[in-house]
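Below is one structure, written out as structure tokens; comments come after it.
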């Protein structure tokens, strides 16, 4: 077990205890409606066709939260047949990178839609999306306390809305079978996959969430000893007057609470030695999922998944998408 | 000498070699004009009079860059006599804190105006100001790459405009002698003092700049091995296509270039073992100042100033403000 | 909770279990009597009157433990009226610094007496006091193991006597109302405030103790993983034969045991994520105080107090001193 | 510049000064001949065809140094047409992983052959190959000092022979055009690409080497302050009698010396802030290459390449392979 | 207590729960028999007689596991009388060093035989022995995962066999009383002492084991947060398919299981703050020893023993060997 | 080269440039005379004769600086013949430990006298000596700044006097040949060996100094980035007013200046990658020695000496003592 967390036998029965905000569903429905109302059709620009042939690659700009422009990559194998599509979300501090990093799925016959994370990118891959409510281009991390004094203003509200919108956009991309949509990601990407599956339960059929971030947040910020969770705890150490407000905001984006809305078939992974996203917080979300679900447990896993898990995921996609 | 920097004998002749942008003065004049046009009168709200008596303390909200609301504290000794005023700027990651942290100057007969730093606060003191071009309240650091793809959008352009505006606001505060204005600060606060003295050369009479940040930036981001300079170098390590653009942006906010505009009497401090703001970058700014100037050299100083420097500064204020 | 300490719900009922030494009161009474017998009147030298006007500042030398000379600063507002006085103690590794660091209280109408810590100073502020009686056996770098083989020789016995003497000296300073004395400090300063309030229960009316050090010492040196507590545990790792002796010595200076003697009205602060002075050790002292008491709990606080706590303390002083 | 290395302007003219061993070519020729003599035909086993369709994936076992079995992955696009092939080598501490990590090239129409690194794997991806001939003397943890007392026994002699053999094996794989072979890799993989291009100059047409390891080794182990170079310097700090022997061994595997044999068209990358493989050592190899060559310079790059470099490499392959 | 381990009161009753492999004794008997069959007589070469007079020092090469050559030092006082002999094993990363490091025992009248550790040496002392049978699969840097996929191939199986053979060799050295053999070592050396005492129960009369490594391994690799235990957990984090196999292998070399075979009189030491070899794992072995035993408990001990323990060991040798 | 220091080729010609204090010899002569005047005869108490037989071991208490009691160990081989004696000094933070750590020399026929370091011990071995004259001003944790405001009060003045006295005491021990005295030590012990050889040039015949501390101090505290040199630079960073005073004090104890007085035959060692005692500072002392001298250069040595150097030292003793 990681030093910060509970013994292995307790993980299996750990449940989130944070109460849901009143009318969480109503609040998100209003946010989604407002975002949908502000949306314009996505714009697809072919990207380096000579380089990527025989794949087709498009630079996509679509309307995210509040209609803000969000970038993404759309890759697909040769041909026009309607294909299942996998929406990929990126981990904390990274951006959508270059399409060359995302060819696995199209090489195996899936369409792939990769969503950039607003105001991220720079730590380990490039981003191209501003947080239009905030800033004019990609930034170096710290976004975790941006707007934390209100769920309406919180950065992650916007990012979750982007993620939900990405599902809608993916469903309408040329050559996509809208009945066969999966979402996937690791860490922050895993949280976004859960959030998208929860907020777009009608559309998402399969959800892959590796070592997800942003679960059981009231616990996570108390036991987390490494960034990025410490961005919040360090901030609240000074801004003590904001503690109740911030804790309230976090309830709106806690994936352990949102997980109850998921109807997609889920495949999680968890590392029992993960100090970044402690395993109890991952289990907190997993235990709330009421749809069919599996979890790959890595007894010595830190905040990575073993390379073999990639094939487990492909097998799961082949079978269920 | 710190490992990262040049031998002591070379510091004394190190000069910034970055060329100024064409019409740097014109560009700043336009920015200042736009900001002035958007300004509304500051609002002063008495803060905890029972607690702070006999001092008077006001929570101030004034118009910063683009008219965005910026917060500050105004403290003054008992009485109404027009007094010299010292405008204080805050170091990276901190906010304006509470007035109790700023009573030194009013206890000695000076009026004191403390400017909050937009979107900062949380590392070591509280902030209260959003980066209205970005975000809705105080944040956990990283602002150094926000908007770096253009001088118009860059975070520090906005913060420097706030700093210049703070001088104007201070000059008009009740009970202030507008002919006796000083600016002061350490690290980022030291950079803001230099910037304010450069952009408001007509108004600022004394400038105190301790171990200033944001000087000789092209050099600083190459030799700096600790945050916050590494926010930029880490970002550019990934965003290699942005390198020329970002280097260009940084020229507009380089205090070593702006320092040539300073007419105030200056008191600097520098630590020869400072790894956060390497001494060569501090000297780069110091050497460009053409006004009367002094520098307190701390041969073993890291990124702090010795406590005795506080009295040196008071002596300088008593004599020159 | 910090990794090193117990869950939050257990903190509220954690009590120190170390037995008091037999006749702890008698032993301290003898130490105090010996110290009082060696005392000579304090010497006050005006310090930089031009710099600090309208405040009055004196460099004070008074007789501490065994009559050793101890330095301090005495600051007061203009005028001669008898005023309440606050005695301030300094954190580990620091010295009394310069008066400019201590103007908050005099600017608000309180007299202020700041005690230097013998043989400290240099880490973050200057000191001016020798440990005249140092050197009774092998030491680990730092002062925490100096003389640890006997309570009579222990460094902290001397420092606590200095602290108690500082209260007596403060009571006799010109322009002080001896019936209105408060003690205050953070970390080591918080321990000294507790010790002074315990040893001078007759004189101290208000005691402020922030994140106090030196509480529940038998526990603290076992769970503490950062300096300065590790000075003791690292020393005893080698000097295993000294373990019982050292544990006995520590009982004489354990502020959780001394706290039972406090009659002053107390205001504590504690950070639930404090790894330097783990919260259970702070609560161990707090729970032993039998006088009226309050504690500011900072759920995400590390070994600092939020800046807002400064105003809480001022409010407490205004009301109770 | 990284602290450990020379100023940027000196990098451009830095040349390796280590003298080549006498008859370096003859020695390698003998090693290669011995290895070739021990070789048996590679064995290809289809790997998870249902998972990877339409790609073809084979688990390959071929004869490496001294005939030892070495594992690899062979991936190709659908169809049987003879294709250009890219041989990929892995960075330090990693193994060949799973084929899902290597689909970029086959998705774009290239055959791909990925060589496992003997006795590595476990740090960040799985390996499957033993170092059958290990164990010739005391070692420092890691493989860098294994057999360092003689070039014949040295671990990297074996690994370079594996790399050279991988080129031969790739040339004979079904559906490969033996006249269109590229080698590629980063860090240790970049060194293996250089070594393979040098030892198989007749066969390799394009060589991509990112931030290569094992260049200008006599300098690298003196200025390198991070693992893995420190494995050698830490070992030699104790084994001082072995210093001349070890320095001699390293001359046989120094890619800056081997680089003179390269005839393939080269694309390098270098990070000017790389502390793991300091830029001067990368330039030392680059400057020795006499074939057409390019280098992507990342002014702020550490020991990674910007994600955009992936497309630069694809463009180079499209044009030259 | 160290952060990673259980409270002190639980240590005293902690027992290993890992089940022994079936026929552990039979398996080791077969390994020992095979090793004995491959053995040739040791070769003794006088080492620097002029330097070490009046002591006699020999460089010894003897047959270890599978007959592989293993090096050692044999030191004895002047004279030919049969003497008790102490076999010393070395800690992780070190080698046998030079005889000058091993004169304590011969200076006090004991013969001393120091076994080198194959494939180690370089971290803090020199080694001279290869791991002739190394290389059976992928490895993580260091030796702890070498051959971990099978007990027959595991590095520690070979090292334990070397250790058992060293006892046999010591018994036959000139001037040794074969009825008076002790084994000793710290950390990895302490594990080898336990293993040798268990595998050569017929010969070993006294066993000293300081802060032993390799005890209660299933627990140790889960709670160990520092090297070398992390070599295994980091490896298994990636090689998740190997977890059951590796856990099985570790059961064969777990000194807490082997300890049940020890008949020698034992003296252990344990540090209650040891993070490298957590105290619960040391107690797990200690509690299984059925022979007369003592343990020196160092309440603040980290992964060292207090210097005073050296005299405790000498006293124990004087009394019991 | 270590990052902090100069290139290897410059080391060979680096000379100390600090000017000697006026009448350095006269000042030391006065100190030595005062110390000699305060001395009483050493007291020898047999230590654990049963444990250490056939060696003789005595716990010695002798008069050090100002007559303060200093402890040591005297060990000798069986017999009464007058023997050469080696005086050993201990590194920073350690104490004399237990005699079992010091049997190498007596086992080879030399008498051995080990001096404890006042007020040290606890980091890695036990000490038994107080610094009876400590406490002359504020200190930074550790002993390096104790009394630094005056050469008369400085801790190292006392420790050097202890070291010189230890030579006198050793000369008079029973069974010692006073014409055959060597001094030895590493790091701080190496500095004490140099100091003793300089201050007792009439008595010391051989001087071994490994990676000596306290050489070329004005340079060392500027380039040293690790403890203990940073105790001084960190202290002076705050106590900037003390800089000239402290620099003056350090001239009295700079072993590079004292080295000119050495007449003993010297054997140094230096590690070219030593960051604790940078190689230039070691060479600064070595180059000043005018007596016959040798230096063992460890090209990759950090702040340790290779184990093989032990035999080099024994060979040197056999030949020259």
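Lettered A, B, C, D, E and F in written order, each chain numbered from 1.
One rule holds in what follows: contacts are C-beta pairs under 8 Å (C-beta built on N, C-alpha and C of every residue); 3 or more make two chains touch, one makes a residue touch a chain.
Protein names from UniProt, one per chain: A, B, C, D, E, F = Cephalosporin-C deacetylase.
Note that the structure is predicted; figures quoted are calculated from it, not measured.
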item	value
Touching chain E (Cephalosporin-C deacetylase) and also chain F (Cephalosporin-C deacetylase), the following chains	C, D
Rotation in the CA alignment of chain A (Cephalosporin-C deacetylase) with chain F (Cephalosporin-C deacetylase), degrees, nearest 5	180
Length of the line joining the C-alpha centres of chain A (Cephalosporin-C deacetylase) and chain B (Cephalosporin-C deacetylase), rounded to whole Å	38
Whole-Å separation of chain centres (CA-atom averages), chain B (Cephalosporin-C deacetylase) against chain D (Cephalosporin-C deacetylase)	50
Gap in Å, rounded to a whole number, between the CA centres of chain E (Cephalosporin-C deacetylase) and chain B (Cephalosporin-C deacetylase)	62
Multi-chain contact residues (two or more partners), chain F (Cephalosporin-C deacetylase)	3, 124-126, 234, 238-239, 304, 306-308
Chain contact topology (line, ring, star, complete or other)	other
Pairs of chains in contact (touch as defined earlier), listed by label	A-B, A-C, A-D, A-E, B-C, B-D, B-F, C-E, C-F, D-E, D-F, E-F
Touch list for chain B (Cephalosporin-C deacetylase) against partner chain C (Cephalosporin-C deacetylase), complex	48, 50-55, 97-98, 100-101, 103-104, 106-109, 124-126, 304, 306-308, 310-311, 314-315, 318
Interface residues, chain C (Cephalosporin-C deacetylase) side, partner chain F (Cephalosporin-C deacetylase) - complex	93, 95, 116, 118-143, 145, 228, 231, 234-235, 238-239, 241
Chain F (Cephalosporin-C deacetylase)-touching residues of chain D (Cephalosporin-C deacetylase), taken from the complex the two chains share	3-4, 221-223, 225, 233-234, 236-241, 243
Partner chain E (Cephalosporin-C deacetylase), residues of chain A (Cephalosporin-C deacetylase) touching it in the complex	1, 3, 271, 273, 298-302, 304, 306-309
